[in-house]
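If you scroll down you'll find the structure; I have some questions about it.
Letters A, B, C, D and E mark the chains as written, and numbering starts fresh at 1 in each.
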Amino acid sequence: MAEIHTSTVPSDALDDRSVSKSEITARRLALIAGLLLLLVAPFLIYPVFIMKVLCFALFAAAFNLLIGYTGLLSFGHAAFFGGAAYFTAHSVKEWGVPPELGILIGTAGGAALGLIMGFFAIRRQGIYFSMITLSLAQMFFFFCLQAKFTHGEDGIQSVPRGHLFGFIDLSQPIAMYYTVAAIFLIGVFIIWRFVHSPFGMILKSIRENEQRAISLGYSVARYKLGAFVMSAALAGLAGGTKALVFQFATLTDVGWQTSGEVILMTLLGGIGTMLGPILGSAIVVMLGNYLATTGFPVTIITGAVFMICVLVFRRGVVGELAASRIGRKFGLARWL
Amino acid sequence: MTMVFGVPLPALLGQLLIGLINGSFYALLSLGLAIIFGLLRMINFAHGAQYMLGAFTAYLLLHFAGIGYWPALILTPIIVGVFGAVIERLFLQRLYGLDPLYGLLFTFGLALMLEGIFRYYYGASGQPYATPPSLAGGTNLGFMFLPNYRGWVVVASLVVCIGTWLLIEKTKLGAYLRAATENSTLVQAFGVNVPILLTLTYGLGVALAAFAGVLAAPIYQVSPLMGSNIIIVVFAVVVVGGMGSILGAIVTGYVLGITEGLTKVFYPEASNTVIFVIMAIVLLVRPAGLFGRE
Amino acid sequence: MNAPSPQSLGEQRAVLSARGLSRRFGGFLAVNNVDIDVFHGEIHALIGPNGAGKTTVFNLLTKFLQPTAGKITLMGEDITSTSPDRVARMGLVRSFQISAVFPHLTVLDNVRVALQRPNGLAHQFWRPMSALDTLTGKADALLTTVGLMRERDALAADLSYGRKRVLEIATTLALDPKVLLLDEPLAGMGQEDITAIAGLIRSVAKTRAVLMVEHNLSVVADICDRVTVLQRGEILAAGDYATVSQDPQVRTAYMGREED
Amino acid sequence: ASVSDGKVKIGILNDQSGVYADFGGKGSVEAAKMAVEDFGGKVLDSAIEIVDADHQNKPDIASNIARQWFDTNQVDAIMELTTSSVALAVQAIAKEKKKIDIVTGAATTELTGKQCSPYGFHWAYDTHALAVGTGGALVKQGGKKWFFLTADYAFGYSLEGQTSEFVKANGGEVVGAVRHPLSNADYSSFLLQAQSSGANVVGLANAGADTQNAIKQAAEFGITQSGQRLAALLFTLAEVNGLGLEAAQGLTLTEGFYWDRDDESRKFGERYMKRTGKMPNMIQAGTYSAVLQYLKAIQKAGTDETEAVAKQLHSMPVEDVFAGKGTVGPNGRMIKDMYLLEVKKPSESKKPWDYFKVLATIPGKEAYIDPAKSGCDLVK
Amino acid sequence: MNALLDVRGLNAWYGESHVLHGVDMQIREGETVTLLGRNGVGKTTTLRTIMGIIRQRKGTLRFNDQDMMPVPLHKTARHGLGFVPEERGIFASLSVIENLMLPPQIAKNGMTVDEIFELFPNLHERRNSPGTKLSGGEQQMLAIARILRTGVRMLLLDEPTEGLAPVIVQRIGDVLIRLKQRGITVLLVEQNFRFASRVADRFYLMDHGHIQSEFPVAQLGERMDELHKVLGV
């Protein structure tokens, strides 16, 4: 059950052994090009837009950690993202903690929520898991709606960005930008490392055959919970960062639509790939930004994209590319 | 005034009755969801949108064809049910061999789109739909003033729920539905036309949602958001009842509606979350839900 | 893993034993008051008609199911309410009646996943995948033993049914279990594999205890030291194959008129 | 003296698809365009452009758009801003970026109170005016015991709070309150509580579709039959139209504009009606006035530079079809007369959109908080 | 006499892989015929193609003198063909009795429930438990019983003895012999050679997607060598 990704990803996507030297060089070059792009991007594109993309990309990558590598489709990831945004915003605004601590508090909060929700959710699989995460997240949503510190529909506004490590003034857009870029890179690196680790291997085998993994002595629940909490923590990292960038924490970020959005980003980009969620979030954020000023309801487009993806595009942009003839020829699956 | 746990008795009874009315909607909606889930193994995320579609169809029938409440109560489920059947034929059938999550995601997209379209044309503020004159007014029950229409909602939903349940459990249809879920090729090999069965089932589930939508129209505004407001609660109801369990969906729908009503009396702050809390507890004790089979 | 080695417990102490094991499904008693002892260095066969409760006994012993009544001890320790993964970590490992491999991992990785835990490489989420390379040697040795070396880099899903069964046994052996529970290990294998795997089972049994369910009676006759016959959840007969196979009750309930 | 980048761009940011879409929505955008046309289409020889966007009542979406408008689209001022949470958020950004914002859609007095901005203005109405108008009228008519049904967010609190104060100050009492989430569908159990509370006025401290629903359901549960009165504290022409006269008749409400007030307003109303198919409410008319006044201020300042324009806006009197004669306080509050209205019976309605009887005119000084007591630290 | 089932040049594909390369077989009414062959030669595929489950197929397929190629799957059964799959296909969510009653009856001469329970007492005992909670043997019995109730003229049985205890294998053998007495035609896929020789009138030997040879049970002795080669028995 719930092997959503096995059908979508070329099976060698995670296999980073048996790679030729020239390919490694090529990959390094691609990586360096990507880093350079990240470095110069704020001078070419509106930085706030890139920061938004980066926050959502990290969020989607964290979400993908769960679905892509354990096969669990969480429909409640907004709780971690939005919850962390609240925690960061509150601690920075009301307690006056420095931004780095604020983000840490957000991340830890996300992880804690992940632990609680995961405790209930990992007992079931497949759609059951999805329904349960959805419901628990909705419960958290109602909590946020009623709790005093979230300020209801108003949200926590005018969150001060403060000074990173006491001396980097984050109210400068460029300083904020590079901070976000750094957080993004760290987050993605953690995910990459996590997935390509001995732990990741066990996760993969659990997804393949849970009973067998138990009989080999793995306490499946703990591994799943571990992955869940990790994913939640990283979603929290993204949410906390977003709160600083936009100086805001609102109910939107904890609502189920946000959970849906992160699914869309991942699905569109390619579940179970490293690059997919990043690309997917760029597309979705761009679409949202563009439509926001046209008056055309975003949900019509979002809905349509969802349907089209599911019907004809299940591997997502990146996945389809890797599975295409050209992609196979160049072994793209191992790159993305 | 008689007091129960510090609450005046009339207030308590009144809230219980209102809980029962809400429960009627939960039961109808979760019944449709359970039927669809039972056979298609798919969470119909568009269920809320189809409920909304039911209300809007009644509204449009009234405004563009002058068709009133009573004919609409019959016509709407048919129209929306056929719409569901078409969706099933065109799209859902392509998803059957795949992971059930794709069905969830597809219908999620469908829900967003339907909602978006109606928002685009009708805004989100809601359109009024008048209570049928024959059910206008109310009855004084002594402890509360019960609008006749709401009384009718309880009766109608009970009748439809029980009828549907009998149809499925007491006829061979139920066995076909469950068997086809597991191995539709084999059931076909036995001589049952499964594709038609699937289409009809989805249509039936959707029609139930639309029926609930028509029932709801005079109570709430006919609003594009009415579906997404209720659907997640209904999901929780279905989880508590045990997914795919028809009886579970019905019973849990009413019981949780009443529980919610009670919570509003004793601890109103928790009334939004009480169903989710119950869900969490049920999951701990009986992961398959109250009526579910593991 | 510093439980006392079974050898030191003396020949007659059972490594795995169950007393009064029962399991009820609703109103149906699938396993009823079963006593069983599995000894070090022996192969113990559990046979019986379909539905007798053999797989259920396996599930109970490995804790995949919780017994309704009875007590299970593994190397002197009471495991009646231990979790299945912990039981596996204590050295009681099973194979499944329906083949259970990790289909989208390679044959090599299937074995390495099994090796990860005993070698302390299960939780490391901060180390690169190459940390697992240290296990390759051991895995290869094992694959050679079972004769799967040729398929080493194939995906498990691409193996034929019989080969999957072999892989499953290899994975099980990778854990170096003290007690090995095999549910119909030879079902679906071709004759060559049957001979080879039966031989393998016999050789690994020298240093551990094996309990197996098997319908292939010639193999049972060949390699098993002890046979327990189950019928309707109860023990019908127990002893060595020669005795049990002469038992008239066993003949009517299980073997039938002649050996088909 | 000149216009930066050769163009004056005004952004109308409001809810165009959500619960409050009828309240301002596309209608406000049309009203803004009318103002530009009436002004002559050009200011200081530069073109004027109206851009608009839907913020869906989400402060985060709104501030995203606002930022982008200011940073990359050369928008000079943002107006309308339905929904208090959005207005507060955008006003904070405008303040940081030193840009003008004129709020017509949102209600909270915070905008010109603690969170006031030197470049922020509040036009059509606010919660205080509503409390004084609708609340005051009902107290005068004998409504002494109040029970509130309150939208569970800042706007609701502020409306409930200010109305309660007013009620108490006039010798009344508040016997209870329940909070309901925004866009709630079912009020039955809240109404039941109101019914058993013994209050004689049920104050609806909510807006838009929420208020419409509450009123409908109150009728169903016989609230009015049992002798309680409903006070729809924020209710406009748009909601009356949505609900229908049958259900809305007899309600008392406060607006800053009614199209059928005099010839000038009727003319304006008809022009607006031609373009949109509806009559304007105070938000839409207020937006017209805000845009017009902003353009006048640029004209007068001879530049579109923020400080200079803000100075003019603070000092110029406001004279147009919406405001009649209004002034702007140092906290940014535009002060003008408000109207206390009653919804007609269906039989009294003589023509389409003939919905209101004007009960009284509330002088601006009474309706709005004295800027000196507003809590805004710009007021010395 | 015409064959009840007449298969000529039957080809079948799974996606791009061509599995059956022209299968020919003719089976007369009342015969029990066994299809032998190694793992993976296409025995199951043959049955599934005849039944119409696999639609990617070419060739001639006539049953009871009717062209079966255009008949949709859900109508095949009505022509009198019944299929028991290798994996048995017991429905987990249905009880034993519900499983038994599931297939629509297509002819009057099907067995009654009482007859079935007499034949399979185990099923009677477990009639109210959920289908997949049965053991393998019980499931196999149920799968056969289920089809017998419908009154099909011809049964396609895929490895009915796999994983069964010897005593059950014998019981199923008895059942097949009784079916033959009732005039039911059976096409059996079987790896258990002893079992097959006990029940079959005739054999088809299959190799790589086509029929290699065909012979009656009487010739079994002479054919042993060939069987050894092809089956590796």
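Observations
As a working rule, a residue touches a chain if its C-beta (ideal position, glycine included) is under 8 Å from a C-beta of that chain, and two chains touch if they have at least 3 such contacts.
Please read all numbers here as calculations on a predicted model, not as lab measurements.
Number of steps on the shortest path from subunit B to subunit E, with steps defined by chain touch: 1. Touching subunit B and subunit C at once are the following chains: A, E. Using the average of C-alpha coordinates as each chain's centre, D ends up farthest from subunit C.
Ranked by distance of CA centroids from subunit A, the top chain is E.
In this assembly, the C-alpha centroid of subunit C lies 33 Å from the C-alpha centroid of subunit E.
Averaged C-alpha coordinates put the centre of subunit C at 76 Å from the centre of subunit D.
If each chain is reduced to the centroid of its CA atoms, subunit B and subunit D end up 37 Å from each other.
Measuring from the averaged C-alpha position of subunit A to that of subunit D gives a distance of 39 Å.
Shared interface positions of subunit A, defined as residues touching 2 or more other chains, are 145-146, 297.
Residue positions 119-120, 272 of subunit B are each in touch with at least two other chains.
Counting partner chains per residue, subunit D shows two or more touched chains at residues 17, 181.
Pairwise chain contacts present here: A-B, A-C, A-D, B-D, B-E, C-E [touch as defined]. Residues of subunit E that touch subunit C in their complex: 39-40, 122, 126, 129, 133-138, 140, 162-170, 173, 192, 194-195, 232-233. Within the complex formed with subunit D, the residues of subunit B that make contact are 8, 10-11, 14-15, 18, 21-22, 119-120, 123-128, 131, 138, 144-145, 147, 149-150, 219-221, 223, 225-226, 229-230, 261, 264, 268, 271-272. Interface residues of subunit A facing subunit D in the complex, by the touch rule stated above, are 46, 48-49, 52, 145-146, 151-155, 157-158, 246-248, 250, 252-253, 289, 292-293, 295, 297.
Within the complex formed with subunit B, the subunit A residues making contact are 1-4, 7, 73, 120, 123-124, 126-128, 130-132, 134-136, 138-139, 142-143, 145-146, 256, 260, 263, 267, 296-307, 309-311, 314. Residues 6, 11, 16-17, 193-194, 196-202, 204-205, 208-209, 211-220, 226, 230 of subunit A are the ones touching subunit C in the complex.
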